[in-house]
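Below you'll find a set of structures to go through.
Look at the two complexes coming up: chain A is in both, with chain B in one and chain C in the other.
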Partner chain A sequence: MADLVLTGIDKTFGHQRVLQGISLKADDGEFVVLLGPSGCGKSTLLRIIAGLEQQTSGSVLIGGQCVDALPPHRRDIAMVFQNYALYPHLTVRENLAFGLRMRKTPSDIIEARIAEAAELLEIADLLDRRPKDLSGGQRQRVAMGRALVRHPRLFLFDEPLSNLDARLRASMRVEIKKLHKRLGVTMIYVTHDQIEAMTLGEKIVVMDQGEIRQIGTPEEIYRQPHNPFVAGFIGTPPMNLLEGRLSVQARKCLFEAETFQLVLPIVPEKGGMARPIPAILGIRPEDLLPHPEERPIVEITGTVDLVENLGAETLVYLAIDGKRLTARFPATYRVQPGNTVTVYVSPHRIHLFTKGERLPFSCE
Partner chain B sequence: MRRINSEQSYGWLITCPALLVVAAFALYPALESFVLSLHRIYLGLPALGSPFVGIENYMLLLQDPVARQAFGVTFGFVALSTLLELVLGLAIALVIHERFPGRGWVRAAVLIPWAIPTVVASQMWRFIFNDQYGLANLLVFGEHVSHYLPWLAYPEWAFLAIVLADVWKTSSFAGLLLLAGLQVIPEELYDAARIDGASTWQRFRTITLPLLKPALLTALLFRTIDAFRVFDLVFVMTQGGPGDATQVIQFYGYKTLFAEGQVGYGTAISMAVFVTILVLSFLYIRTIGSTLLTRVHS
Partner chain C sequence: MTRTPAERVLLGVGIVFAVLGSLFPFVWFVLTSLKSPLAVEAIPPTWWPDGNLGFYRSALAEHQLLAYVGNSVIVAGSTTVLSLALAIPAGYALARIPMAGKSWILGGLLTISMFPQIVIAGPIWQLLNRLGGLNTHWGLTLPYVALTLPLAIWILATFFKDLPLELEEAARVDGCTVWQTLYRVMIPLATPGIFTAAILTFIYAWNEFFFALLILTDPAKQTLPVGLALFQGEFTMPWGELAAASVLATLPLIVLVLVFQRGIISGLSAGAVKG
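Right after this comes the complex of A and B.
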């Protein structure tokens, strides 16, 4: 059991800067997800925590102890790899025992640990097989078992489910969550899959281009994205982001895109802005409503471009003077391409970003 | 059924050109050699004709002490050079598998000995071991010219010299085969082993070596068969001497056939080499056939 603290981690490969000023904390027993597009540096960060890669500057503290000078096996961590990394010439039992044998653990303890992990992961009947005779899901379990038997202070997962098919991924997700509940051990989990991040993470760290864009609970990340990157990265279909200019008038704001304008009944917390400034307006597809349900409300009128019926819901793609807007409506909503419709959004559900940051405001 | 048959005949049809080439350039010469080896033919004495003598040449071969000695030298050469080439090749492969600045150049440089024609390389090594101006003498004795040794005139040194030349020339080829084997071992396994606490040596012994087994066996197969056919090194460097100390079987066969003109007996020796290599190949393929097909799973 241990917490993890990273302070000011930088990493450069040659002239290429892959990580910049990464500081974050994972509490003891917390499930932290590092989320970001490929190439954002999340895997490098995990490898630095593991000690497989050395940071250029900054420190890694596990359980209050600085581990910068320690090799991976002395950091008391276990890692589950994307391609499982099972030793192909060893049986499942030998794979599980490998790390313990390297540590010269007495064989009765090794046996006990293997039995314990095998029971927990339901792989007892696979112990004498070799990795090539296992299915993807079984290999994944063995890979987790190899981490489990070590009783580490910290679990590291590097995109562990990305090689599984969608159905298996969903069930393994649940298993990992159960495992975390049962063991109560700190877990750091790297993924580019936002569903994994939202369902597993108690804390999500959104990364992009080697930097942290936001740290928060899944709820915070989704409801209060700090910047347009997080806003656009989280959510399927992604948040509608419209570029334009924002100016403050008496008790309301005016958002002007190239060809249309919206009057927003909101007041920025920072006060008035003398001149219009560039801004990005964000609205989640599910926050667009087919009917006005409250007052005040913002109305947007456009032409229906395309309708996708997904069974449980309908996605309506609207064209508003050259800009595209996605709305997520109940399946009962009937509309034809070419129709002109008006959609509504509550001012509370609007996100505004200026200078790359969230603009806090209150509603009138 | 009909479809399978037509598929089969189509298969035969498209492999036909290749089979014809093999038949014309491999099968026919081998058969013709076998026929020749059943006759007594002296090139210098056409008046004797070429009578059919059955297996007389082979009986001769079994009782020939020079041939026995030549086989001994050959097996010694094969064993020693193959062993050294695999060990050195593994070392080369491990080095050029690592990432370091200028790796591309090192990889290319390592292959230079292999790219040089054997006759040229042999000539170079003959110079190196020359008794008056050879590099070997300079390195060992420096300016003390009076101590200079005629290396290739001593049986043991001459034998070691051809082994050394072969090792120098072909270790990089073994290294290349082993490098291909190293490259299919997933990097993740080494990461996992580091986290599991395996030292560099333990990682080599528990991951690299077992997973490299197919590549090692392939390299062993290629090197053994190749070493068994050794001829040009001996031809250029020692001519089989001193005495018969470096007379490998191929060279003995060549001497018998072309220098002495005993076509029948000479081809019988060649057939013996052919059969030995054939048996070796079969043995290897039976042992490694299954291993070769097992790809590395992770």
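Right after this comes the complex of A and C.
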């Protein structure tokens, strides 16, 4: 087991910059999720950690040891690939044994490791089959077993569940979580699925266009997004983001987007904004409430455009002075398109971004 | 695709003609080989043979057919082994290692394999003469390897390119060197491609006539095609023996293709990735 430290990783393919200045740390035994949209460089970063790709600059430390010059098999890592990458010509047992054989592990130890992994992943009765005779979920287990038997210092997963159907994905997610608890080994997990990220990750690294946008616990990422990208990327339905201008007045702020106006009972921590500045206002759909529940509270009145009943909850799309807001209400909330409604949001739940960064403020 | 009945009939007739047309000479030879000497010369020709195996006996006993077969097996076999031993790593490298001008190399290979043989006959003869390779089996194998390599490399490179990259990366993480990855993972998965290349190479070497005639003048060293061509009877052309020998020369090829066909068809790589 070991920690992982990345410092200033850059990667270019030809003229294309794929990663820029990636620095992060995974503590010993931590579950770190790399999350980001397709093409943001997650896989490339994971492959650099694995040694399958060489970074242009920066370095990778595993357990305090710089591994930049080491080939993948000397880094003591195991990787679970998106498409499983099981050797089709070998049985499950041979697949599991392959990596150990290459390391000249004595065969009694190999047997013991296979038995241990087979029991843990419940694949004992599949050992003599070939990959083509397995279902997707079973292949996924075997792929994890192949990583498991090696007892590596570091587990790397590249979107391991993306080829499974929704139900299987949910159950494998739980199993991976249990596996991590039980083994206590450091895991780096790449995904573009935020549910996977939020449920599995102890630490989430949000990436976009080859850069880290935020590192934090799922709670921090969700509650305190550092920038509009993270704010908009995390959460379904996505956070309402309105572009406009913010001006600071005595003990309150005024947010204006064309004809839409909102008086906010907040004071930015860094004072001294004489003139209005461009800003983005963010409110999560679930933070819009049908009733005022506390004081102070911000009121927004608009017309109902569309109502979507999702069973457990209702999505209400509001039009407010040419701007659109999505609200997520309990299913018991009854409303018709065309109705005029007032929704409420606690100033604590409001997000403001200026110059692409979160604007810290205190509530009056 | 849906076809009208007329189109289907036309297609069927076309196929029957194509098959009959290409098989006819061979069928005729098989029939001839099984006739008695008298029936061969009969006018008008008789269709059905009387099941006489005399021609086979005399082809084997009087014309040293087995010696020719032995020579052919040696030359075609070593050509196939050598050509593949070189083509497999070359194909793998061309498929996977990033290098400048790769498409030029592949294009060049294909072009070379289409050169008319007569162009290189002179230089090869001179080279072999100097090396002492005339009238030796290795002297014939060498140009065969050179001539079959481009196509074998081309086939294998195409095949390796289509195998999932993830498998190689898994092998690297598991601790394989490049060579180990090649023979433990890639070669087992590329068997259909390797069989294809092997069969084509073997057939080429088995059938090749021009260089064999040029390089092997000693009857004891000659391969089947040359041996057959130089079949001499004392007074007449020994049609019956020729037919029997031709059948015997073709049989190994048919057996080989049938045996290897399984390997070509078996979809080994199914289930390698997702699915």
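Note that the second predicted complex is superposed on the first by the 364 of 364 C-alpha atoms of A that agree within 3 Å, B and C clash if a C-alpha of one lies under 4 Å from a C-alpha of the other, contacts with A are read in each partner's own complex, and residues count from 1 in each chain.
In this text, a contact is a pair of C-beta atoms (placed from the backbone, for glycine too) under 8 Å apart; a residue touches a chain by one contact, two chains touch by 3 or more.
Because the structure is predicted, anything quoted here is derived from the model rather than measured.
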| item | value |
| --- | --- |
| Chain A as common anchor, with chain B and chain C clashing or fitting | clash |
| Touched partner set for A:G136, first chain B, second chain C, both or neither | second |
| Which superposed partner A:Y333 touches (first chain B, second chain C, both, neither) | neither |
| First (chain B), second (chain C), both or neither touched by A:P72 | both |
| First, second, both or neither for A:H89, with chain B first and chain C second | both |
| Touching partner for A:L52 - first (chain B), second (chain C), both, neither | both |
| Touching partner for A:N163 - first (chain B), second (chain C), both, neither | second |
| Which of chain B and chain C A:R103 touches, first, second, both or neither | both |
| On chain A, positions contacted by chain B and by chain C | 47, 50, 52, 71-73, 77-79, 81-89, 98-99, 102-103, 131-132, 146 |
| Chain A - residues contacting chain C, complex | 47, 50, 52, 71-73, 77-79, 81-89, 98-99, 102-103, 130-134, 136, 139, 146, 163 |
| Complex interface listing, chain B residues touching chain A | 186, 188-189, 191-198, 202, 206-207, 210-211, 294, 296-298 |
| Residues of chain A touching chain B in the complex | 47, 50-52, 71-74, 77-79, 81-89, 98-99, 102-103, 131-132, 146 |
| Interfacial residue positions of chain C with respect to chain A in the complex | 164, 166-167, 169-176, 180, 185, 188-189, 268-275 |
